[in-house]
Structures are given as C-alpha cells and as structure tokens.
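Note that chain A is present in both complexes that follow, paired respectively with chain B and with chain C.
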Partner chain A sequence: MEKKGWDGFEIGAMLRSFEGAVSGIATILPEDRPYSASSSFTASVADWRIQKPLFNKDYCIDCQFCWVYCPDLSIISRDKKMVGIDFDHCKGCGICVQVCPTNPKSLLMFPEQIEEEVALAEWPTKNTSKATTEAKEE
Partner chain B sequence: MSEIKKIKNLKEFSTSADRFEGANLLCPGCAHSIIVREVLNATNDDLILAASTGCLEVCTAVYPYTSWDASWIHVGFENGSSAVAGAEAMYKALKTKGRLKQPDRTPKFVAFGGDGATYDIGFQWISGCFERGHNIMYVCLDNEVYANTGGQRSSSTPIGASATTTPAGSVSYGEKKNKKDMLAIMAAHGAPYVAQVAPNKWKDMVAKIQKGFAAEGPVYINAMSACTTEWKFAPEDTISISDLATDSLVFPLYEIIDGTQLNITYRPKNIIPVRDYLGAQGRFKHLFTKQYEYLIDEWQARVDAKWEYLQRREEASV
Partner chain C sequence: MADTFELRDIEVWDGNMAASHALRQAQVDVVAAYPITPSTPIVENYANFKANGYIDGEFVMTESEHGAMSCCIGAAAAGGRVATATSSQGFALMVETLYSASGMRIPIVLNVVNRAIGAPLNVNGDHSDMYMGRDSGWIQIDCYNPQNVYDMNLIAFRVSEDHDVRLPAMVHQDGFMTSHTAQGVKTLSDEVAYNFVGEYKPMNDMLDLDHPVTHGVQTEEDWHFEHKARQQHALMTAVIPKIQAAFDDFEKLTGRKYNIVETYNMDDAEVAVVCMGTSVETAEEVSNELRAQGIKAGVVGIRVFRPFPLEQIAAALKDVKAIAALDRSSPHGTVGALFNELSGALFNTDTKAVMTNYIYGLGGRDLTKAHLVEIYNDLKANADAGKPTTPLQQYIGLRGPKLSFF
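Then we have the complex of A and B:
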C-alpha cells in the first residue's frame, strides 16, 4: 500500500465520529465494514505460521471457547456457530486446539503445507485420540 | 441512556462484532489481545481508547496500519490514563454546554497500560486521574515484566522471577521484592470499582467490565496477562497457565466496591499448589533446584496468607 504522512490518513481510518447511528460499528460484522487500507484487517500474518489449525465440523459442538480465546480474531463465528478459520490473521499459536473440549478435538494443528482433505481424512477418532481434555466449565 | 449489553452465555457473546483487528504484531498466544477483545466486546457503546507505551501499543499501531476500529490515541509511556481523562473532560464540557450532536450517546472511556506503565511509570498520572474522579476505566494488562523492551523487572514482578535486570544464577534467585498490591492502592483512592480479572474466566471478566462501565467514576481493572515470551511457556498454553494462576490463587479474582466492600468472585473447586503454577513457567525454573527450593514454600505461605486476608475482608466488609 501507499505510505502516507501523519496528516495523510483518510478521515475515518483512525477516528470514528460521534455522528451517525448509535453503536454503528459494534453491530457491523467484518465482512460488511468499509475497511480502509490502513486497517490491519487488510494485512496478513499468515507467514508467521509453521503449523496451522484445521477445523472438523463433524465433531464441533459450537461451544465457542476457540472464539473467545483466540488472540488473533481468526475464529469466524456467525449466528452462534463456528464457521471456519481466518488464515490471513492466524499466527498458529494453537490456543484454539488446547481449549477445544470435544473428543476427538474438532480443531487440530497440522503442518502448514498439508492439504485440508488429507488432514480431514487422517483425523483421529475417539479411541485413538490422545485428546481427553475435560470440558471446561463455562 | 444506553443499555448494558446482554451476555448470558458464550454463544450469545460470540455474536459480538469485534472492534479490534487481527494481523496486529503481538506474539502468537499473547493474552493481551484476548483481554482487549473481552473488554471491547462487553459493550456496544462508542469507545474512546488510549494506550500507554507497551506491547499492546507498539503492536497494534504499526505504520501504516492500525488494529483499532474505535477512536484510539497513544501519547506517552506514562499518560494513557490522562490522555483518556482529557477526552472525558472534553466530552463532559461539551455535554454541559449542550454542544453534543447526540447527547444520548454514552461513549466509554478506556485506557490500556501494561504493568510497567501502571505500577511504575504512569503511577502518578493514574493516581491523579483517580483523585480528580474522571469517569474512565483503566485496564492494566499485568504480565509482571517489561515485555516490550526485553523483559526487565517491573514493580509487578513477583519474588523469584528471573528477569533480564534481575537474572537468576548462583548468587541470586532473581527478583527479590514482592509485587505491589495495586488493587489495594487504587481502592484506597476511593474508586467506585476496582477488580482483578483473568482472561480465562471470561464470564467473570465481562461481568466485571460491565459493572465498571456502569459505575460513576474512575474504575481500575487489573487483568492478568500470561506472557508466553517472558514467562517462558509454549504459546498454546496461555489459557492453561491462566487456569493454573487462578486456581492456585496466585491471582485471586475479586472486586472492591467503593474502596471497602470486597467480594471474592471466583473460588476454585480444587485449589492447586503454587508449585504447579511455578513449575509450568521457565522464569521460575531455578526455584526447582536444591539451592532455592525453600522459596516455593515461602511462595505458598504468601499466597495462603493473602487468600486468608481476602476472605476476612470479604466477611468483615471493611
């Protein structure tokens, strides 16, 4: 992107005005937001990862632990359902896998280059899984 | 007046639209952004935010990007609190003069600072804001070390922790001074609401943040922020280390209302030994040698005494 001086940022890139609808931005989901190029939403930290989390819908119970504990806003939840992972912003820390309470886990870490279909095919089943983390209380 | 956002359970909470963005440059597994998200998502009102210098500030405002979808300002290391207090004073003045275009809107004023900016460098400024009684919330992201500059000790660093300016070795066991009791200090200012929170107890945290937003006057929140880089644990363990901290009562979760009424908000079902908490972190590794082992018992005794004190204060409500 074009780099700008301190006075060159578009209005609204940093400051939001008091005018307009009450609690405007707080109810607009990222896909509907008019992001400026200065928002880090438009940037990517995907190259930080050496491992990536993958999501298996079959085992997910939509508890949303991964959503609340994700430091990088990379768990996409819509209408109380876990939808997927935002791989532009995920740094591969693995917190989502640690807090996943299901058995087997519905999120697991895989090497960055693995194909999603391959990973889903070799997903552990309940018996072979080491994942026995107790469901955390709410 | 705006209503308090209803958050009954985690599913409901997960419908929040975050006003903080990814691709910030915080370390993978950093608890700072978990805390920030829980604070910002606790309300749907407008937010006026400030950050003191620290990990959060340098990582979320990297030229030419910003990670904040709200008004955000950074001034200096020490004055995140007074920057947001200034904005609050302006808001109040405009309101009194009737010059606000939408006077029914109730923006929330929040300052974030690390423990260095809170316990040491910005202490005087925070004290001033609390004395003047601004209607602000100050959130201290307490990771017990100057993580941004390479891990120097702060006055929040606990006894026995190895930091770059208090390294552990054959002559020293690391930090020798105990942690400042910042909550007691802020409560002594007569603040209407002071609380300690931890990101792993999200419900407790959101409830406290909402109480803080509802309170009239300065609010101090001490948020435990497990630091994967300086506490030396694997990035995926942030939440489990936080669980160890709250369940071993190293970070007891409580609130102090009007400087007197102390309520313990989380009582672990099984209190785990402090040894487990210390053993999970690289910064306390040297305590598990013959030379320094006695410090673990001292740790346990200090934590027990503090817990006893908190329970007595709760009972006596003084």
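Then we have the complex of A and C:
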C-alpha cells in the first residue's frame, strides 16, 4: 500500500472497506468484491504462519466443520463444498485439523515449506486401531 | 416530532440551564451522560425536556464518564449530532476517550463546567479540568457568563461539525460562578436557533451502508505521525477562521459580538491582565475603576483557549508595558499554562513588556476586586521600572506567608 504524506489521505482514524460505493455486498462472493487496498482482505499475513494445513479432498465429506470453526474465515467453501484454504489469511492455528472428523483426516498440518504433492504422497491411511476409535468416542 | 418550547426574549437562566436549552434547540441525536457536580443540571434538565416531549433524540445513561464519552464517540461515528457534559474528576476519567474523539475527527460538543481536581476533593470552580484537556486535540471555547454559554454552545456545533474542521469542541464555564448563577439570558426561538446551528451533515458515517468504514483503526510508526500532523493542521489552520465566521454570522443574527480574543480598555492600555472565565468581567470592572485613578488598565479575555490564538493575542498585547497572566490551576512544577502560552505568543515579537504570573482562585477561592487592584498596582510598578519588581510567579488570595517563585 502506498505510503502517502500527511495531506494525502482521508481524515480521521478511518479506513474504507471497499473502493467506491457498494450495494448488495452480502450477495457478492469475497473474491469478486471491490475490497480497498487498506482492507485486511487485500493484505497478506501469510508470513505469520510456521505450519500450514493441507487439504486432501479424497477423504473430505464436506461436513463444513473446518469452515465453521476457522477463526479467520480462511476455509474457502462454495455451495457447501470444501474448496481449499485461503493461505493469505490462514495463521496455521490447526483448529481445522482438530475438528476434522474423517479417518484419515482430510486436513493435516505440515511444515510451511513442504510441497503439496509431497504432502499428499505422505498422507496417512485409514487408522483401524480399536483403541484409537474408542478413545475418540470418549 | 418534539414540541416547540416557547421562550421569553429574556429568560432567567444559570449557565447550566442555558447549556441545556442550547442542546435542546440544536436537536441533538444522542446525549450520553454520567452526572457530576457542578455539570449535572445540564443533563438533568435535558432529560427533563426529553421526558416532557421537547426532544426527539436519544438520552443514554452510562456507567461512567469514560462510558459516556465512548458512547458519544460511537454515536458520532455512526453519523449523529452528539453532546454531553462533565466536570472535574469525571472529565479526568474521560481523558483517554477525548483523545480518541479528536484523533478520529468526529464532532462532539462537550460542556465542561470547570471544577477543581482532587485531592483534596473539591466541588468548586477552578480551571484544572480545562487545563487537563488542553493537549487533547479538542477545540476549547471559554464562557464568562450564562449568555456566553448559550451562545457558544450553538456556535460550537457549527464549528465542530464543519467538514473542514471535524474536531470535537468543549464549551467551558466556571463551576457555580457561572453554572449556578442565574442571570438574564437573551434567547433565540427554537426555529431560529436550529437554523443557525444548521442541519447535521454526516461525513464518513458508519450508517452509510453503501460506503462501509472502520473507525478507530490502529496505526504504528509508519502512519501515526502523518495522522497526528493532519489533525494538528486542521486545528491550527481551519478552526480559528471557522469560529470567526460563526461569530460574524451570530452577530448578524443577534447583535451579540464575540471575538477570538476579547479585549476591554485595551486601545491605550499600559498594563493588562489576561485571564479566563468569570474573572474577565471582574477584571473589566476593576480596570474601569483604576482608569479613574489614572492607571491605564486593560483586560484581555481568552475566548478560544484551543487552538490558542497566538497571533491575535500578540496583536492585542503588542503595545502594553506590563502583563499579568492569571492562571486558575496549580501548575505543579512550572509557571502557569497561560503564562507559557503568552510568552510563546510574544517571544519573537518587538514587545519589551514585562510579564508576570499569578496563581489564583484554586478550589473556588474568590478572586476579589481588591486582589485585582493589587495585581494592577504590581503591573504599574513593573511598567514604570521596565523590569519585574516582583517574583515571576505569585500566589494571590492565599492565607499564610506570601508565596512566590522564581
């Protein structure tokens, strides 16, 4: 964002969410909204993250738990189908992984630097251990 | 729709009632308040008007002055005309939010009924609270009597809400001496008063849903300095001309003339007292009496305390030989604030005037005419000697051994 001089911006401790006027904004998908340069939607905070969640759609049942629980609106879901993760805003907290109910999990945490293909190749298989299942039910 | 309040041309009002009626006539959208002596009757009267159908706006009782000003800030950011009142300890509790209001560039009118700040606890009038607000970024307008309070409230809305200004404004009056002393106050009809204030014109309001805004954002070292500079620029350049324009329009409407700096007997004055609040009128009376005795005494009253009118003050004092800055607040470790301001205003001018400082009237102690005669006599001696004949800072009206510093 351009760092303007003291006379180059609007008065007050105030930021606009959008460029220009908007109407019916709730019916427009986030990626299609005219977010302003000062909106946090436009800013990337990816470098806050040291681990990242990755998504394996082979196991996902589209329960939307991750979408509901994500504290940063970083799970992208369309028509109640899990699409992926907004890596510009995900802080890597891991809550999505915790709440994922599938076996194996459809979301797992990986080191930030790992390639997605490598991670998917390492994905664990279904855990059939009875002890684990029982522990989960408790 | 609120009922019209039929007023006589002259009403017998104290300063608090004058403020209450001005707020009513301005058709304020939100008053959020917490009571504190001696400002309580302003919002109490206002609540009474509301209960009796004279007010359409909201009246919010809050849990503290901090909450009251926070509520005012929210309502003003949302896009409403907003006002409240406070004093002393309540003002002190508001201070954090005062800086928010000015930094957020939102208009609010705050009636401050000046009162001492404890300890020791004291409910009477001095200027400690007004002085506490002087770096807060608000416009500060000072009143000497109930008529001023009525007039300055109407003017304050106009200036504060102007889109070139957008800074909150305090209207100050002396606790009890003005706030509880009833005098004849010339009134305007509800319609005329409202038309003078004008319809509220929103700017960057949160209720404009087509232009969503976030108010009260955070900035760090990369932006904060620019924001504060922009705020200071508005306070220093836009406010005085807008107040002057409002004074001019007000004079056309009412015949009552106000000035950024009020001067009395100053045309040929050799010695001048500079003061604020109710002391101004007392000093005026004393200056007349001393003129009968051959002392060319004048009075300068500060009408606009923030932004401090450096140029106007310098012009008013350029020809005098001795000046007394009267501060009604304990400066606690230095000279009085008014002494400092006047020094700053005059330092790079050609004046050779001798300037001294008097601390007076703390906690509601009276400033008598005898005190002012004493001050003017000191000034005459300073003027004749061309240098200070007294210590720089003296206490006046204090019991015990004479107290002075520097």
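Quick note on the criterion: the second predicted complex is superposed on the first by the 106 of 138 C-alpha atoms of A that agree within 3 Å, B and C clash if a C-alpha of one lies under 4 Å from a C-alpha of the other, contacts with A are read in each partner's own complex, and residues count from 1 in each chain.
We take it that a residue touches a chain if its C-beta (ideal position, glycine included) is under 8 Å from a C-beta of that chain, and two chains touch if they have at least 3 such contacts.
Computed from a predicted structure; not experimentally measured.
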item	value
More chain A residues in contact - chain B or chain C	B
Partner chain(s) touched by A:I76 [first = chain B, second = chain C, both, neither]	neither
Partner chain in contact with A:A43 - chain B first, chain C second, else both or neither	first
Contacts of A:A119 with chain B and chain C, given as first, second, both or neither	neither
Touching partner for A:D7 - first (chain B), second (chain C), both, neither	second
First (chain B), second (chain C), both or neither touched by A:C93	first
Partner chain in contact with A:F65 - chain B first, chain C second, else both or neither	first
On chain A, positions contacted by chain B and by chain C	3-4, 13-16, 18, 22-23, 25
Contacting residues of chain C [partner chain A, same complex]	103-106, 166, 204, 210-217, 219, 222-223, 225-227, 229-231, 233-234
Of all residues in chain B, those that touch chain A in their complex	2, 9-26, 28-34, 37-38, 43-46, 60, 62-72, 100-102, 104-105, 107, 199-200, 202-203, 228, 234-240
Residues on chain A engaged by chain B in the complex (per definition of touch)	1, 3-4, 13-16, 18-19, 22-23, 25-30, 33, 37-45, 48, 62-65, 67-74, 77, 79-80, 86, 88-95, 97-99, 138
Interfacial residue positions of chain A with respect to chain C in the complex	3-7, 9-18, 21-23, 25
